């Protein structure tokens, strides 16, 4: 199977048969690379082009990568009034920053956030590339869609859906429901629009790709770009001899060996900022550091130390993040601790995840959202350590099925409940119990 | 819900009566609201059975459909209901007031008051929405002609139901929701849907606990359901035989008995709410309601078309934008008006109250032309602050001044202030919080939020299906009827049988 | 009879088995964490009667207007051999409707027996399946069977299985309105779950005939009146989610033995009807002892029955009020529990199960267990903020 879908994507885009093409990208499947290559190809054709991303950070990342990929093009960075260009942008002579289009003359490629593009009018570009299109809301697409004739939409369908602060069902069932994702509204108006899929995750190791694919991408699926044995973790420091550190070290060892490990705390209905669970997350991350973990992979065959910046701890709620940060203290300086929302699109060697259902008695729709778990379980290149209190399978079995069903609204797959079941059934086999 | 509300529920269980979750009233209560208690016939699509309606608690008006499946009788009901509702809704146009626009010379005029309808529960709001939908496209000529008051009723009901979706709007209130905004009972939200049970907790009769009153209130014999759905037992034992027999006086008597208890409850709810002191920002939201009312009256006077069945792509996106902005400012306003609402944010770590323990009011950054006043203050607090450094905060009492969180230290929260200090080289007196002052900061803002740009309807992009066909959005006068003909003809023909 | 069946028969006692219907099977998914309900349902006990007996009757019954409207609408859709329905499938859903043969398996007045109807359903489906993708068939009043916890439940789809695009479709007729393309999401969900039960049963039957599950579409056809008129409209509803959930709950029901093993050996919900003695071990199964008259007066002391109920573990939540006949009983039992105030309330109060504990911890009058230290801290903070805010408003 050919893993390069770009030629087919470009062929569809240039065929004149479709105004848009969608590319679904599972975690770490080279979405940004595709965006950059597609932009380079389109720009090489001589037509001006715009690129739309969702956050300033995403835009800056793309600007840097594009500047590397197309060294002879002038790239325009369209920015808001209060934007401060980071050094990596300021350093590039080929990149211009402008608050208005008029400040970016002669730029073949102009990049900005969707929100910024929505303030631009009176011009139509032949091409656009919309990145993170599943995270963009339909109403935002409505505001920018008149800026381009044809567009490539790229994104990860398994991640968190965009949300709204208002909760009404006034528009459910409408093909243009403004609360849907941009891709959903696009495909419901253009059911024949080509949808390509990136088939290989270069991030997720062979231990993770099948698990994540089965739970979160049940129909499309994908494979790992590496094979068993190509990546592994080694420790340069010995495990601690203390009894309480035993299970922690065992969890780290198991995760190094199998790619996953579940560190299980005794069952209890706990407050959301469960101190024990927060401490376990912090301790596991610190054990990875203290053990002098070295990561060997196709990228670093000679090994590279897993330093703090290569470790992330993820949780569902902001208060949990704050609790973990405070236990982590200065020993964990440099370790990323964040919510699923903010970890989207990021990559680490090792991740520690506080399971969203840990310590809960009942699961809410928020906790069950498949995108949340998917983000948390798919950030790692080597290993993912999950912290949870016992009892999640029982909780899932007891979960009442009472969600309303709406006419003419495509059912979202995977269903969060099923995705959680699938993930848990894998993790349960890789469980280490904490000493209680 | 939240931990604070849940705790109030637990307290209510022990106290045997509902506990306050607000210290001020967050809804506007009209001097002369119109109460509407509708009932529908089970199994039918919002077919009216009866309604009790009026603006005087002592003079309810009863409207009954003796044969609910009879089209003519339904429209007679609609005409009669229009007589009450449309004349009430139209009745606030005598007085106008002038308001300043963004610039001082842009003076606009709006009506000085607006109507307010109170229904028992969210089902009542749905009734208004659906009855509005089934009547607003009717025509007063041609085939299936109806009384001209009928489509007018439909347009008013639709207006009220749409406003009810707006966070903070009070043109159409559901009594259960308005009460639940102010009191937590010792039962669940599911049970709070029952108006009689909810008021049983808020105002238990002498000698009873809230729990006992609520259990009594669940007996459909004593407290008939507050509608629009009727009690199935009533349907089979009373209603069906009376309808069968065509016994109109009997029906009126039976339906009066079903409606009167709820009628009384809704007025009691209005009184309970009215007795609370209004939050300072309630009047501002009512002004927004008056604006909406003025715009609707103007639209009707201009011969504008009825509201479409569903929003177009552009209309939907614009409405969502308005709703989200209203939601944000409503949340902030409630927190600023009410320490108990603010406490929710304090508990979540998104707001804090504390005492200023150190202040450096004359601190500056930069020099020469770029010299800026950037005072630092430290606020010591017992609240669990969970805000990230760099977050912009505002004190409700100093809304013109931005405070940036620099760090959270053992001494408290270190803030850097900008703005709101006058033009001089040093802050104007009183513009920087002083040591010893008790102050609240949060990330909530009720500031101006810019309106987003959306394409015009005729520019609806291809991604959203392109420009919609037909149904001219804003024809005026006679053109309205002509343009709307296709859709309206189809709707007028709807059998409604 | 297996041990489990014998045990269930004893639990049920002398009362007749209450057979499952699509509605009761669908209800298995509404509170699957409740052991009490699982045991009662597995034993085929009439929960409505039980609730009445222990003096917590739930108001029940459907309005005669709703019933007659439902019947009238169904008759209208099925008129003339479902001619209107077939047109609708073509027009609204774009389903190519081939030459369709229509068969009514229980024409009015024939009084065909259940077994006969089921056999005939099977026969016609076998023929249709064998006829290949173009063998259009429309079965009215079919009768399907589904194994529910070891007992066969007879199911009567509202209508029909239609063969369209080579696959059988379950058609569900409901009388709630679809207005401008929208219907009540809870009603659609209930219809979808019920239809999913039929899909499972139909798949089971076709599997016996050697056909795979893909022979039955996982989209069902929902027929409802449109807007405010009586004209029917059709929509396809994807029931894959409901199928997964149902399959899982049915497989749990099949493992009811594990749960029963934890119950007291002499547990029974027998109401002790006068003149009938429970016969442990030999009632139930396929030939339960039946009363000739269902209204036989029960004679067992209410406290005993209440005791039996208390011996099973409930998991009450306010949502039970809309979903289970025992809700008033269980609500009363759960008074003072935080979960009775709402599923989320328990979590928001730090997982402390009882109201008294919450308030004492909040007031600092109870020393928390080490397990509850964090919850106590949260509650004390909440109580302080509440008190401070209420005081500052005075």
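A, B and C are the chain letters, set down in written order, and residue numbers restart from 1 in every chain.
Operating definition for what follows: a contact is a pair of C-beta atoms (placed from the backbone, for glycine too) under 8 Å apart; a residue touches a chain by one contact, two chains touch by 3 or more.
Note that the coordinates shown come from a computational prediction; the quantities given were computed from them, not determined experimentally.
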Please classify the inter-chain touch graph. Allowed labels: line, ring, star, complete, other. complete
Between A-C and B-C, more contacting C-beta pairs sit at B-C
Taking each chain's centre as its mean C-alpha position, how far apart are chain B and chain C in Å? 36
Cα centre of chain A to Cα centre of chain C, whole Å, reads 38
Junction residues of chain B, two or more chains touched: 310
Counting only residues that touch at least two other chains, what does the list for chain A look like? 174
Sequence positions of chain C contacting 2 or more other chains: 181, 319, 344, 350, 378
Of all residues in chain B, which touch chain C in the complex? 1-11, 13-14, 20, 23-24, 41-46, 130, 133-134, 186-191, 211, 220, 230-233, 235-236, 239-240, 309-310, 338-340, 342-343, 346-347, 382-384, 494-497
Which of the residues in chain B end up touching chain A in this complex? 165, 167, 310-314, 316-317, 319-321, 323-324, 327-328, 348-349, 386, 452-455, 459-465
Under the definition above, what is the set of chain A residues touching chain C in their complex? 169, 172-174, 268-275, 359-362, 364, 394, 397-408, 410-411, 413, 415, 417-418
Per the touch rule, the chain C residues reaching chain B in their complex are 59-70, 175-177, 179-181, 225, 227-231, 318-319, 321-322, 335-336, 338, 340-342, 344-345, 348-350, 355-356, 358-359, 362, 378-379, 381-386, 388-390, 392-393
Complex interface listing, chain A residues touching chain B: 19-20, 118-119, 121, 138-139, 141-143, 145-146, 164-166, 168, 170-171, 174-179, 182, 185-186, 189-190, 318-319, 322
